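Working notes, structure below.
Letters A, B, C and D mark the chains in the order given here, with residues in each chain numbered from 1 onward.
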Amino acid sequence: MTDKARVVDYQGVLDYIAEAVRPQFGKGRVADYIPALADVDARKFGMAVRLVDGTLYTVGDGLERFSVQSISKLFVLELAMQHFGDMVWTRVGKEPSGDRFNSMMRLEHERGIPRNPFINPGALATLDLVMGLKGDTRHRLRNYLRFLAVDETVDSNATVARSELDHAHTNRALAHLMKAYGNIDNDVEDLMETYCFQCAMEMNCAELATAALPLAGGGYSSLHDTAVISKNQARRINSVMLTCGMYDSVGSFAYRVGLPAKSGVGGGILAVAPGRMTICVWSPELDAFGNSYVGTAALELFTSMTGVSVF
Amino acid sequence: MTDKARVVDYQGVLDYIAEAVRPQFGKGRVADYIPALADVDARKFGMAVRLVDGTLYTVGDGLERFSVQSISKLFVLELAMQHFGDMVWTRVGKEPSGDRFNSMMRLEHERGIPRNPFINPGALATLDLVMGLKGDTRHRLRNYLRFLAVDETVDSNATVARSELDHAHTNRALAHLMKAYGNIDNDVEDLMETYCFQCAMEMNCAELATAALPLAGGGYSSLHDTAVISKNQARRINSVMLTCGMYDSVGSFAYRVGLPAKSGVGGGILAVAPGRMTICVWSPELDAFGNSYVGTAALELFTSMTGVSVF
Amino acid sequence: MTDKARVVDYQGVLDYIAEAVRPQFGKGRVADYIPALADVDARKFGMAVRLVDGTLYTVGDGLERFSVQSISKLFVLELAMQHFGDMVWTRVGKEPSGDRFNSMMRLEHERGIPRNPFINPGALATLDLVMGLKGDTRHRLRNYLRFLAVDETVDSNATVARSELDHAHTNRALAHLMKAYGNIDNDVEDLMETYCFQCAMEMNCAELATAALPLAGGGYSSLHDTAVISKNQARRINSVMLTCGMYDSVGSFAYRVGLPAKSGVGGGILAVAPGRMTICVWSPELDAFGNSYVGTAALELFTSMTGVSVF
Amino acid sequence: MTDKARVVDYQGVLDYIAEAVRPQFGKGRVADYIPALADVDARKFGMAVRLVDGTLYTVGDGLERFSVQSISKLFVLELAMQHFGDMVWTRVGKEPSGDRFNSMMRLEHERGIPRNPFINPGALATLDLVMGLKGDTRHRLRNYLRFLAVDETVDSNATVARSELDHAHTNRALAHLMKAYGNIDNDVEDLMETYCFQCAMEMNCAELATAALPLAGGGYSSLHDTAVISKNQARRINSVMLTCGMYDSVGSFAYRVGLPAKSGVGGGILAVAPGRMTICVWSPELDAFGNSYVGTAALELFTSMTGVSVF
């Protein structure tokens, strides 16, 4: 952290990375379980850095929106913690799962309590909790993301949501299994529709970096001009991201990148450097674990060039 | 990290904690699988903080040696990385296991490659690698710990080692299973003896805090006056500690404490605050996951009082 | 089998058993996951023996109808084999599962192909196949059971079916998971309704013994005056019953009773002694594996008194 | 069973089968985990039928000895039941495992109690029990098999036993794991040596058919002129063979062949038709489950030609 004083040319770093990762294109694979995602241009690459003082740096397609997918889980967890505090952890654990992101096996073993809020069953349980709040949950989610992104045009893509809903067999199975254990309150189809709406939200790298800024600022963000969450909650959400945010490769990601982060199959990865900045990268091709292949490489390069790492 | 500038009265913090944790005694359970460990006084409590500048603070039984047990895995991993670099990761993974610390199940699923170097099979694979180096491995381990602790009297307790060896059925099973998959080179009994020797090393909180100082200093430590490991390696070992160091409660520990740490069934927990300090706590009673009950509470209090956390 | 020539007083045996099992009442537990089943009188006990020549013996409540539940799986498998032959085994295995009757875990491991047609996911896959036939499946099932029971009043209990449907979360999860793997063709809700209709069929011991007679007669039954299935199919269905028919206690049941059998949570067990007879017993209290506690004891007594066993 | 009266030309059936299976050679794979087994001529084929009246029919290499391997588990179970009765089942279960023959996973889940005596850990637990009897267990095993085979030259092959011992890592792991759970009394190396001695016994098809005759005769055999085991025990051992004797393909084997049987990786399969006969077949090439490929086909042909089946 001694490099804190150093003046880093973040724009230069981003420009360098955007060039340096080019040879990695083609090594991953765009998510193709729904046509709406499969159609994305595989060579898109964007990145954004937002310092805690509000300064923004972007490169490439950093201002083009993409499907946030599982990155949305981070913000739904935030909502749940704002409203329910530590009660959230009676519905979902906070341990890495050690299994693929939608494993039934572990869910069955642990009697319907998902391992953490970032695997699918955990995200469903978290959303189910938020759906217990008064009012339309989809409006709430959209409004919250608009507030976090400081942009009133942020929205969910109805085509993507519909397509996800048609292919949500595994998620339905997870939800029904949790319901069998009494860990889902809402109607499963309502839950599925809201979940698909949530995953189909579209934001760009800059907006996501903005949205996560309170996590870098101990809950507070000058851009939002308020304590979005408490200092303690920011810290704890960061810890859950680091130990559970990257599916079954949290260890490798922490080893290579060293930052709390959450990825989505849309190809985005949103990382937080507590006290310093947020970083978001987008590149649609995924590795075997479902994380952006080039995005991970870009973040590794970023932390190795700048020394920004929690370790 | 804004509290960095603040002058913290670490001695006062330690004194306060030593008092504050008293009501927690009796809530955990001393490891009793071997008599040598079961005989330890359950109410021992010691703590030590070593700043990167070398300053030491201790409280309670912080200068009394105890059985380091699994904390030794951290230093054997360090040795392995010094000699074999990233080749280590062909023999052992770096992902949290999601299972009890000695699970056969996962080992079988993953064809003899343990999930990480901090669960028993992973520690055995790492030690097996180090045993491939020329010379007596027990001498090497003892010398390395004496060097790290800056104390020539550090040694292994032969009674404890012998007793562990008599009860090492599960570890033998793990070693034979890995051998069946070709992931153990040495004779299993040789490996078991060396492993029990390693676990039976005895050090006190101050010595352990000293031994880990290079991990807080980017590989370098003023006390050792040398770069013990590379900056990159220090960072990476810290990341493996954070995601895998606390058995099946890495997520909860990161949530509560927010520091890379490694625990042992002797009741010790050794934590690293990169760039700032190392902290070691000792209290023999364990929680359900095999981590020190009071030790975890003490560390949580420490990070919440001082703001020292990677998140 | 040397006792074949012996003239056995089957009525006397049944009368003796009905007395002898009385002290076993209260040791099991009536299925209570739906009210319609929980309300059954726990002390009901009926038994029926149907020899291949058509002779019928009954005792106790042997003529009172009860919910056949999983015993229906046997007849749906029969239907599937009549129409699809060995093609059935591309959709479902024929190995014992070694796990609880509704395990997701194994289903996930084996990529959506259930272990056998007698665990719930296997019964769902089998029914899904039958639903591919032209016409209303519920009519088909009811007509087939009426034909087998030689009684036109056999029917499904709509209250039970509705109640099951309300509690079918786990089965829905299983069906959606199989659909995710492409092993369910029909709409999941249609499948669930048909499945609950099937399980809610009501028959008495005499009717079930009659319905299974073709399985004892090499496919042929004098009562039905036709070869209901082929000799080979009868043999094979019996083998699947013996290795998979009693949930996770097939080994113990074969050890104690020694006959192919299928049980249901309504408390019925239907057994086949190839070449000789069928035996059906009903007693609502279940053991830990979901099989009738007293029913198993009664069958063990029957085979030990008469020497009727495949071993 | 109506074919019982039919006079079957068993010699003709065996001669026909020996011809008919020829096209199946080359479809399986000889066990190659130790050289001593890998060297066997893949095209060996022998078969023997022993009727309960003592009549013997053989074909091909039916009088050439081979390594009995896991078929020995059947006779060790017999020994254990003779001496310990139902107490055997406190040390080992009698349910099919649903997993590969040497799964650690299930053993760990079920706290050191193997699923049945025919998977490796179960055979080790059974042998461990027999080793508790006074006297040298290897002598006891050899003498028992000589008595059963009615041949004083039956012996264990020391080269095979030694070679197995060198490759017994997985079995050692299983034994140590069971010892950790308190389910192995003897020294693990003693157990391993005795187990390898047992598996390396060599017998031919005729001898194995003779050895199993008491299981077909309700415990009694005219050749041995004594009740080797009780009628009840014979019945029960047959049931355990049918539900657990063919590793992870018990269901398929029961479906195709319909007889209790035990196989070995030496290529032998020993089957029992209760009340009628024993049948042994030998062909070294194995299928994916570790059962003789051609042997299974030969037995299927035998039961389909003769109608000899328990179903």
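To be clear about the criterion, contacts are C-beta pairs under 8 Å (C-beta built on N, C-alpha and C of every residue); 3 or more make two chains touch, one makes a residue touch a chain.
Everything quoted here is computed from the prediction, not taken from an experiment.
Using CA-based centroids throughout, the chain positioned farthest away from chain A is D. Annotation: the chain A:chain B pair of sequence copies touches via predominantly the same residues, more than half of the used numbers being shared.
Chain A and chain C have Cα centroids separated by 48 Å. Between the CA-based centres of chain A and chain B the separation comes to 32 Å, rounded to the whole angstrom.
If you average the CA atoms of chain B and of chain C, the two centres end up 56 Å from each other.
Within chain C, not a single residue touches two or more of the remaining chains. Within the complex, the chain D residues that touch chain B are 103-105, 107-109, 169-170, 172-177, 179-180, 188. For chain B in complex with chain A, the residues that touch the partner chain are 1-2, 4, 93-99, 106, 115-116, 234-236, 238-240, 242-244, 248-252, 254-255, 258, 260, 274-276, 309-311.
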